[in-house]
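Here the structure comes first, spelled out in structure tokens, and everything after it is commentary.
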Amino acid sequence: MNFPDLSVDLGRGLILPNPVGLASGTAGYGFELRQLIDLDRLGALFTKGTTLHPREGNPPPRVAEVRGGMLNAIGLHNPGVDHVASTYAPEFSRWSIPVVVNVAGGSVEDYLECLDRLERAEGFAGYELNISCPNIANGLDFGRDPAAAGRLVAAARARTGRHLMVKLSPNVTDIAAVARAVEEAGADSVSAVNTYVGMKIHRGIRAPVLPGRGTGGLSGPVIKPLALAAVAQVRAAVRIPVVGVGGIMDADDALEYLIAGADAIQVGTATFVNPAAALEVLDGLLTAGERAGVSRLEELHHPTPSSSGDGLALSR
Amino acid sequence: MNFPDLSVDLGRGLILPNPVGLASGTAGYGFELRQLIDLDRLGALFTKGTTLHPREGNPPPRVAEVRGGMLNAIGLHNPGVDHVASTYAPEFSRWSIPVVVNVAGGSVEDYLECLDRLERAEGFAGYELNISCPNIANGLDFGRDPAAAGRLVAAARARTGRHLMVKLSPNVTDIAAVARAVEEAGADSVSAVNTYVGMKIHRGIRAPVLPGRGTGGLSGPVIKPLALAAVAQVRAAVRIPVVGVGGIMDADDALEYLIAGADAIQVGTATFVNPAAALEVLDGLLTAGERAGVSRLEELHHPTPSSSGDGLALSR
Amino acid sequence: MIRPLSDLGRARDETGEVVAVEALEGGMVEITARLPRLATTARPGEFAQLRAWAGVDPLLRRPFSVAWTAGELCSFVLEAVGAGTRLLVALRPGDPLQALGPLGNGFHLDPVPARAVIVSGGLGCAPFPLLVRELRQGGCADVTVLSGAATASRLYPAERFRRGDDAVRVVEATDDGSQGRRGLVTELVAGACEETAAVYACGPNPMLAALAEALRHLAPPPERAEVSLEAPMGCGFGTCLGCALPAAGGEWFLCCRRGPVMEVSQVDWPGLLALPPAHVA
Amino acid sequence: MIRPLSDLGRARDETGEVVAVEALEGGMVEITARLPRLATTARPGEFAQLRAWAGVDPLLRRPFSVAWTAGELCSFVLEAVGAGTRLLVALRPGDPLQALGPLGNGFHLDPVPARAVIVSGGLGCAPFPLLVRELRQGGCADVTVLSGAATASRLYPAERFRRGDDAVRVVEATDDGSQGRRGLVTELVAGACEETAAVYACGPNPMLAALAEALRHLAPPPERAEVSLEAPMGCGFGTCLGCALPAAGGEWFLCCRRGPVMEVSQVDWPGLLALPPAHVA
């Protein structure tokens, strides 16, 4: 065990060796990154959103860069749940990184059938229900409506004894209400947030860069202030663990999520820029913990005795 | 009249000499900026959010910078509607820039009483109903709920023959639904968007920088991809004019809003960085129009005949 | 006596050229730039909104007191505490520097007092070289600067307060006694301020609050006692309403227009000290 | 024959030092950096994800073909078309350059063809100096480069394709006739490709589509016909799924792993040409 001990117990048997996960859709199913970095040191791998049937994804272009971020409209390109259950899960069981399968669907039945098929497999540590994918038709419906989200989660809860995390959409009026609904329905934890609906305009062609409606999911550093607010709102609304995600590039960013109330974090877009980003976040947290001489992660970020200080000082 | 002619008719008598306005809350009531720039060249001045009673605003700190943007929690600090009606409006009537009074309130009665008191005054060109201020208690309620927004706007519509613009909140599940509701209730135009709920964490004090709940309204370049998507969604949902606002720093940004479907734009945070930012946007649009040899603004941004081009080319 | 709002009529946005960047001891840097408008219009205690970078990170300009003017030249004293100041202290001669100013209400000099005491804490020195000169040129015979810092290297050099005027007295104090008196600079106030017509101060809020307390016990109190304050600023010219600070009597005042210089009596000192720290280093 | 996924096992993230930045005519720049791992492992047609800036704007790395290797040195040929390339061409010797690679599937060289024709359009030249060398070293006796551009200054210098190997033939064409044949480079294909075992091409999509069309009319067709394609890339190593391009048969393939080099027959050419232009200059 590392010192400081950075392990995080998210409940129902999902104990992460450390709070640094790889966000869904940014690390595939781990096979590529395993060849580039020491994946097994990380806290968790959240797989690409997996659907009942294989999906080809959206037409290109699927990604576009904006200042400090990127838009994606991948459209849940994935090999389908059977392939994951039969081919990938056995591989996962040989890895020491806990794998959480991100599941997406267009209907309650889709989700439940996915779970049923995965339930027969071994090798992964839990589910992250993606109720918030903005890139498929109706994909937002569950994430938008607390009641619908609650019904979905209650049904999923009845199908599995594994850890059930719910990935929240930030594109809602009241994310806290959705968080409360899924907690009441039996979710073990929530992750916040998925991408924000954004658009890039190409002046040359006088049209959006991304095809279709022209919108995509915004991720990267640019969303950090928004996602931090969402995490704080969710933290205040529920008692279950909260996994923070959005624009984390380094250990400082991760610390800010922990301060805002996250129990663990996920590194997403940063991995594209630097495949070792999540490892560097982990190392940064370890170093910070060692320097501060703390033994547990919480001590690194719990609020200071008084968060009001010495005023707006010329503090030199 | 300038050539190209950049004037924009927003309806019900509100004709802007050009599409470049100053966003509410970033230009006060014009008195400061008049001393710094040639205000009268601009398309419109949207005043600070004005409430029935004078408001002192929130405790400091009220602003905090984040990467590519800023958070504010001003709390509608303003001198109250009577002061605006009796002291400011007579001044406005001497200016050639059209002034639109931004009105905010905590209840329908607040808004209506504001309108009634302003109706007796001359010197301004219309109202922008701020149904989306995230910094006062209940301030979000109207902006959040299409039905509530519709009721408010219908009541306001009954009180005034002046132009009635409604400023939409982006912190909602479905901004198009709110836009449709206020259009149906009689709004002459909509402006989109107000600020996004965001948070900045101070690692040193292990707490949010802004006081209270720690959240503030995010503005500046960082919100442009989000606001462009919101404007496009609103544009697709309503027939009334749409005024785009969010992170516009230069004429290129303004052009992107026009392409996304805005009829006019507002420059907000950029004015803090450069008091002449809006003028530079205007000059940039004029230059672009002259270069392109167009006579009307629309020709600068209407979609090209085919917005599908020559593929993902090594286009050299 | 409520101070009027600052006069924005003199403010201009000007892009000048850096002519000198001097590193002082302890991390302070004095940047001098050719900014003819600002140099000829700025008064002591006024500030400028500076920017010396392209792009949007940092986004906002940063406020700095005008420390000195000479012909077309204007100087600022600062230290790298964050992203913006890091970029500013890295400037080289020849680099462009954008300045919007003068902004804010400066120190009150009308009438010029016969005796003046200046209380400077750390980087709170910044507005005082110019104030010293204007006091002296206005006929103030007796100018004393009480200059404090944590330790010797953090003291602004006495000569830079004087800038050649040897009649100006500089008395120093350091927390650790490494130079001048050991202790807080505010402990020197009682002794120095007797029969003083005007006290001007700038420094950390706790220092200014201690000064306010010390002045309450002075009999007779100085006719004029002014402090220069700081707030996070969105604009610097009164339109963002972001720079509110607590005023005596329970309301807020805008630091960029009612201030940054305030009468000691007009500040809500407990309120100021209780603010959550937005600018903690 | 479906190409296998690229081998990520050789890819490493390496920070090297720029040793030379040469400006060619017409805006092209060749950057050479000490990147020992990449230089010794990269094969023709493979690429690296480059980054030479701090901060988050630009955010993502940018993909560039490995143009040449020599000992520990690795070269890239590019042009400033946007923010990222502007920063890259502004590099100076001594600056750090971060490279993740080699990535992607390169050109097929097994077995080395007896005769090879390379079709290069504009900056599509980038992967070919290395390919020419590997072909020749592998025993390909007859390498012809058909090099096209809009105008003379936009032609990649013939000598840079050859790099000292005078047996390599370079035939040029320009749209305006200012150098070589007047016309499109693809018009040379029919004449040059007879009895050619392998054709390798890189350039704008319309050029590659025209090539595909020209090859359809060739009898017998070359045994191997490969094109290097481009897509906007999020990662370059297969996890973002952002670089999809239309494959013959109606599905997508990932440019970064199934490509960037594809068999001509595996590309959905009408689909490719119909894509909305994400990279319009």
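Note that the chains take the letters A, B, C and D in the order they are written out, and that residue 1 is the start of every chain.
Convention: contacts are C-beta pairs under 8 Å (C-beta built on N, C-alpha and C of every residue); 3 or more make two chains touch, one makes a residue touch a chain.
These numbers were taken from a predicted model, which means no experiment stands behind them.
K.L.:
Trace the shortest chain of touching neighbours from chain C to chain D and give its length in steps.
P.N.:
Counted as steps through touching chains, the separation is 1.
K.L.:
Measuring between mean CA coordinates, which chain is farthest from chain A?
P.N.:
C
K.L.:
How big is the gap, in whole Å, between where the Cα atoms of chain A centre and where those of chain C centre?
P.N.:
Between these chains, centre-to-centre, one finds 47 Å.
K.L.:
What's the distance between the Cα centroids of chain A and chain D, rounded to whole Å?
P.N.:
Here chain A and chain D have centroids separated by 36 Å.
K.L.:
For chain D, which residues are shared contacts with two or more other chains?
P.N.:
In chain D, 56-57, 231-232, 245, 275-278, 280-281 touch at least two other chains.
K.L.:
Scan chain A for residues touching two or more other chains and write them down.
P.N.:
Residue numbers touching two or more other chains: 60-61, 67-69, 205, 207, 221-222, 307, 309, 312.
K.L.:
Flag every residue of chain B that touches chain A in the complex, lowest number first.
P.N.:
Against chain A, chain B makes touches at 60-61, 66-69, 71, 144, 171-174, 196-201, 203, 205-208, 213-215, 218, 221-222, 224-226, 228-230, 232-233, 252, 255-256, 259-260, 301-304, 307, 309, 312.
K.L.:
Which bits of chain D are touching chain A when the two form their complex?
P.N.:
8-9, 11, 13, 51, 56-61, 100, 231-246, 251-252, 257, 275-278, 280-281
K.L.:
Sort out for me which residues of chain A touch chain D in the complex.
P.N.:
25-28, 32-33, 35-36, 48, 56-65, 67-70, 72, 74, 77, 202, 204-205, 207, 209, 211, 220-222, 249, 269, 271-276
K.L.:
So in the complex, the part of chain C that touches chain D is made up of which residues?
P.N.:
Checking each residue of chain C against chain D gives 55-57.
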